[in-house]
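Across the two complexes that follow, chain A remains constant while its partner is chain B and subsequently chain C.
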Partner chain A sequence: MNLEELVLPVLMVFFMLAAGAYTVAVLDRVIAGALGTPQAGSVWIAPLARGAWLMTQHANATEAPDWRAWRLAPALYLSLAAIGLAVVPWSGSLVATDLATSVVLWGSVEALATVVIFLHGWSANTLFALIGGYRYVALGLSYILISMFVLIGVALPAESLQFTQVVASQGELWNLIRQPLGLPLFLIVGLGMTFWGPLNLADSADLAGGTAAEISGPPRLVWDVARAAMLVAFSGVATSAFLGGWLGPWLPGPLWVVIKMLAVLLVLLLLGRLLPRLAPERCVTLMWVVLLPLSFIDLVWAGVGALL
Partner chain B sequence: MESMNHGIGVDIAFLLLATLAVVTAWRVFRTDSMVRASFFLLVSFIAVGVIMILLAAEYLGVAMFFMMAVEMTVMALFMVMFMMNPAGLNPMNMVHQERISIGAGVVSFLVLSAMALLAVFPDRPVSAGLDPVRSLGNEMLGDSMLIFESAGLVLLTTMIGVVVLSSHRGRYGAATEGSLPPGLEPGGDPAGKPEDDEDGGHHHHHH
Partner chain C sequence: MELLTLFFVLLLSLGIGLLAQWLPMRQQSRPPWSQRAPFLGGGTPDSHAWSRYHIRYYPMTLLLIAFEMEMMFMYPWAVVFVEKGMKAMMEMGMFLAILSVGIVYAWREGVFKWQ
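Presenting the complex of A and B:
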């Protein structure tokens, strides 16, 4: 009983964290190479080599940081990614945590990520990291709101806050088609919350690395792995919420989940490489003036659809 | 206690979480920074949220996580914005009015302990098929919807009103008059603002 209830789910999540982060690193290098950025070394070995190199490096120290928060923040961000991966269902019965409120738990992961990213920037006690942290909070609130409205939209037709039910409700028609605004908005939130590509505003080059400006060595490795794992968690949640999760013909359910997650990751990483970074002020305006009203429309759309 | 049908793991988890909640709540008052205090309070609330999940209040427990996460972030930032400690890393004393606080703490501890020990709690086991999330939703969005919605709206209006009323008083004077840093000596000129020359034309180039 303990084996099935405790050990297997934990192993599943750990495997997803490691395999997912590695997949993101490889895919990103392949895409960069295909788009003309020369890549040193083999795409399969290079991420592992960088990880091993970071493990041997010295962990940087700043003047009077909040040591506990600074060292804990990358680990906490990784744990939040793990919680996100734990609620992604692989089939009707194969899911690490089939909580009745798993959609709300994912919402909490997004909210707590704001706290962790802010703490990561704040606790280093240096200027650029602090600005990165504040910048993320200013943007993170709008990400959370957009994501929440979009996810309430997918919970409506399922009449449940459980991801397995959300997937089961897409038997006839995927939410991708039923609520066409949902997936694009959710993917934008995903890029924002992992500060990836065009929405990399917390750790951006204009802040000399932002919240991660002062970290090196093992903490840097954990932070990078955590961001990649969070992107994988987003692709998993997007797969369950909009792409029908394990549903699909011929192939077994878990394989469909892997294919769909890879497709979402590919789109996210392509966007990350193709689009330029937004200015933070413009990004706030875009979020509150354009995307948040669009998420209202998505919710009204979902509500009308659920009533009809 | 005949209804002890949960495992020893639940008891151990409860004791650990309760300890975590109490210790972090105590740290809120012993730390020297508003940001740290806010996030210690967040850890305390998260521990209480997990205890609520142990008590089968699945929605309320998980709702505690995201509500408190956003709430504590906003609280930490507003305290940094409105108070004298801009970054939140500089040490400051987190306690004041100590005698009244100690009195209030002792009284509420005694009242709550007396209630825990002396009160007769109702013993009405619910049916096994009850879905707590669904019944909570029916309660909040059914007959009581008007009360919850109006309370929420009043709270939101109050929050916006308070910010509007108080935000024009900045750290260095009213926002409408432009903010100037205080002088280095009482009543002195603003610090870091060199006085303009009479003609103010030193940097202009006339051709």
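Presenting the complex of A and C:
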């Protein structure tokens, strides 16, 4: 009993964490290669080689960092990604943790990501890392409302805050079509949450790496793996919320989830490679004045749709 | 049981994240002090993390609190929405309309301009 209810779900989450982070690293290299950035060596080996190299590198230190917080922040970000992955349903019965309030839990993961990323920037005790942290807070506080309105919109037709119910409610029509504004807005949230591509304000190149400017070796490995894992967790949530999760013809449910997650990852990584980075001072205005009203419209749309 | 699983996921991922840093680093010596100076693109490190830095988005964070409180009401509202029908729609519509006036006012006051 304990094996089935405790050990297997935990193993499932960690398998997804490792496999997902590796997939993100490979996909990103494939996309970079296809867009013209030359890749040294095989894209399949390169992520592993880089991981092993980081593991053996000397770790940098700053003058008086908050040691505990500095080491804790990457591990905590990894934990948030793991918790996000734990609420993603693979089929009607195959869910690591089928909480009745899993949508709320994912919301809290998004909110805590802001805290953890700021902690990472703050604890290094250097200027660039701190500015990266401040920038991220501006972004994080701006996108979180959009994310919440969009997710509430998904919960309305399901009459539940449980991701399995949300998927089950998409039997006739996926939320992608039923609430057309939802997924595009949610993808922007995903890029913000993992500070990837156009929304990479926290670890951007103009801050020499931002919150990660001073880390090298094993802490950087954990930080990079955590970012990739968070992208995977996000794509899992996007799949269950908008793309009908395990629903689909012919193939078994979990396989559909994997295919849809790969599709979401592909879109996110392509956006990350194709779009230029947004100016930080513009992104606050954009989020509050343009995207937040759009998410209101999405919510009203979802509400009217659920009542009809 | 779900919460227990979640707790184990949290505990194990934290443990893995910390061990992956601690195990390879426990034999390493700390880098020399000259290397530990903050990286400022090669410039002399005469500004540091305690230098004055004006975060100009304070009013935005205050506005966020109003909305965060609203989210708390929205979670239970989402569950009973279909059951209550148009009444729930109108109630939340009014609530959001009032908050939207706040956004418009804040926009006019330049709260979302961060520069």
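Rule of thumb we're sticking to: the second predicted complex is superposed on the first by the 308 of 308 C-alpha atoms of A that agree within 3 Å, B and C clash if a C-alpha of one lies under 4 Å from a C-alpha of the other, contacts with A are read in each partner's own complex, and residues count from 1 in each chain.
Everything that follows uses one rule, which is that a contact is a pair of C-beta atoms (placed from the backbone, for glycine too) under 8 Å apart; a residue touches a chain by one contact, two chains touch by 3 or more.
Note that the structure is a prediction, hence the values are computed from the model and not measured.
Participant: Looking at A:L99, would you say it contacts chain B, chain C, both, or neither? Reply first, second, both or neither.
Facilitator: both
Participant: More residues of chain A are touched by which partner: chain B or chain C?
Facilitator: Answer, by number of touched residues of chain A: C.
Participant: Once chain A of both complexes is superposed, is A:W288 in touch with chain B (first), chain C (second), both, or neither?
Facilitator: In the superposed model, A:W288 contacts chain C only, not chain B.
Participant: If you stack the two complexes on chain A, which partner ends up touching A:L161: first (chain B), second (chain C), both, or neither?
Facilitator: A:L161: touches chain B and chain C.
Participant: Looking at A:L130 after the superposition, I want to know if it touches chain B, chain C, both of them or none. Which is it: first, second, both, neither?
Facilitator: both
Participant: Which holds for A:L141: it touches chain B only (first), chain C only (second), both, or neither?
Facilitator: In the superposition, A:L141 touches chain B and chain C alike.
Participant: Considering only the touch criterion stated at the top, classify A:S91 as touching first (chain B), second (chain C), both, or neither.
Facilitator: Once the two structures are laid over each other on A, A:S91 reaches no partner at all.
Participant: State whether A:L72 touches chain B only (first), chain C only (second), both chains, or neither.
Facilitator: Only chain C; A:L72 stays clear of chain B.
Participant: Both chain B and chain C contact which residues of chain A?
Facilitator: Residues 99, 101, 104-105, 107, 122, 125, 130, 134, 137, 141, 144, 161, which sit in both footprints.
Participant: Name, in rising order, each residue of chain C that touches chain A in their complex.
Facilitator: Listed in rising order, the residues of chain C that touch chain A are 1-6, 8-10, 12-14, 16-18, 20-25, 28, 30-31, 33, 35-41, 47-49, 51, 53, 55, 57, 60-61, 64, 67, 71, 74-75, 78-83, 85-86, 89, 92-93, 96, 100, 103, 106-107, 112-115.
Participant: Please give the residue numbers of chain B that touch chain A in the complex, ascending.
Facilitator: Checking each residue of chain B against chain A gives 35-36, 39, 42, 58-59, 62-63, 65-66, 69-70, 72-74, 76-77, 87-89, 131, 133.
Participant: Which residues of chain A touch chain B in the complex?
Facilitator: Residues of chain A touching chain B: 64, 66, 69, 99-101, 104-105, 107-108, 110-112, 114-115, 118-119, 122, 125, 130, 134, 137, 140-141, 144, 161.
Participant: Could you list, by residue number, the parts of chain A that touch chain C in their complex?
Facilitator: Of all residues in chain A, those touching chain C are 5-6, 9-10, 13-14, 17, 55-56, 58-63, 71-72, 74-76, 78-79, 81-83, 86, 96-99, 101, 103-105, 107, 122, 124-131, 134, 137-138, 141-142, 144-145, 148, 152, 155-157, 159-161, 208, 213-214, 217-219, 221-222, 226, 280-281, 284-285, 288-289, 292-293, 296, 299-300, 303-304, 306-307.
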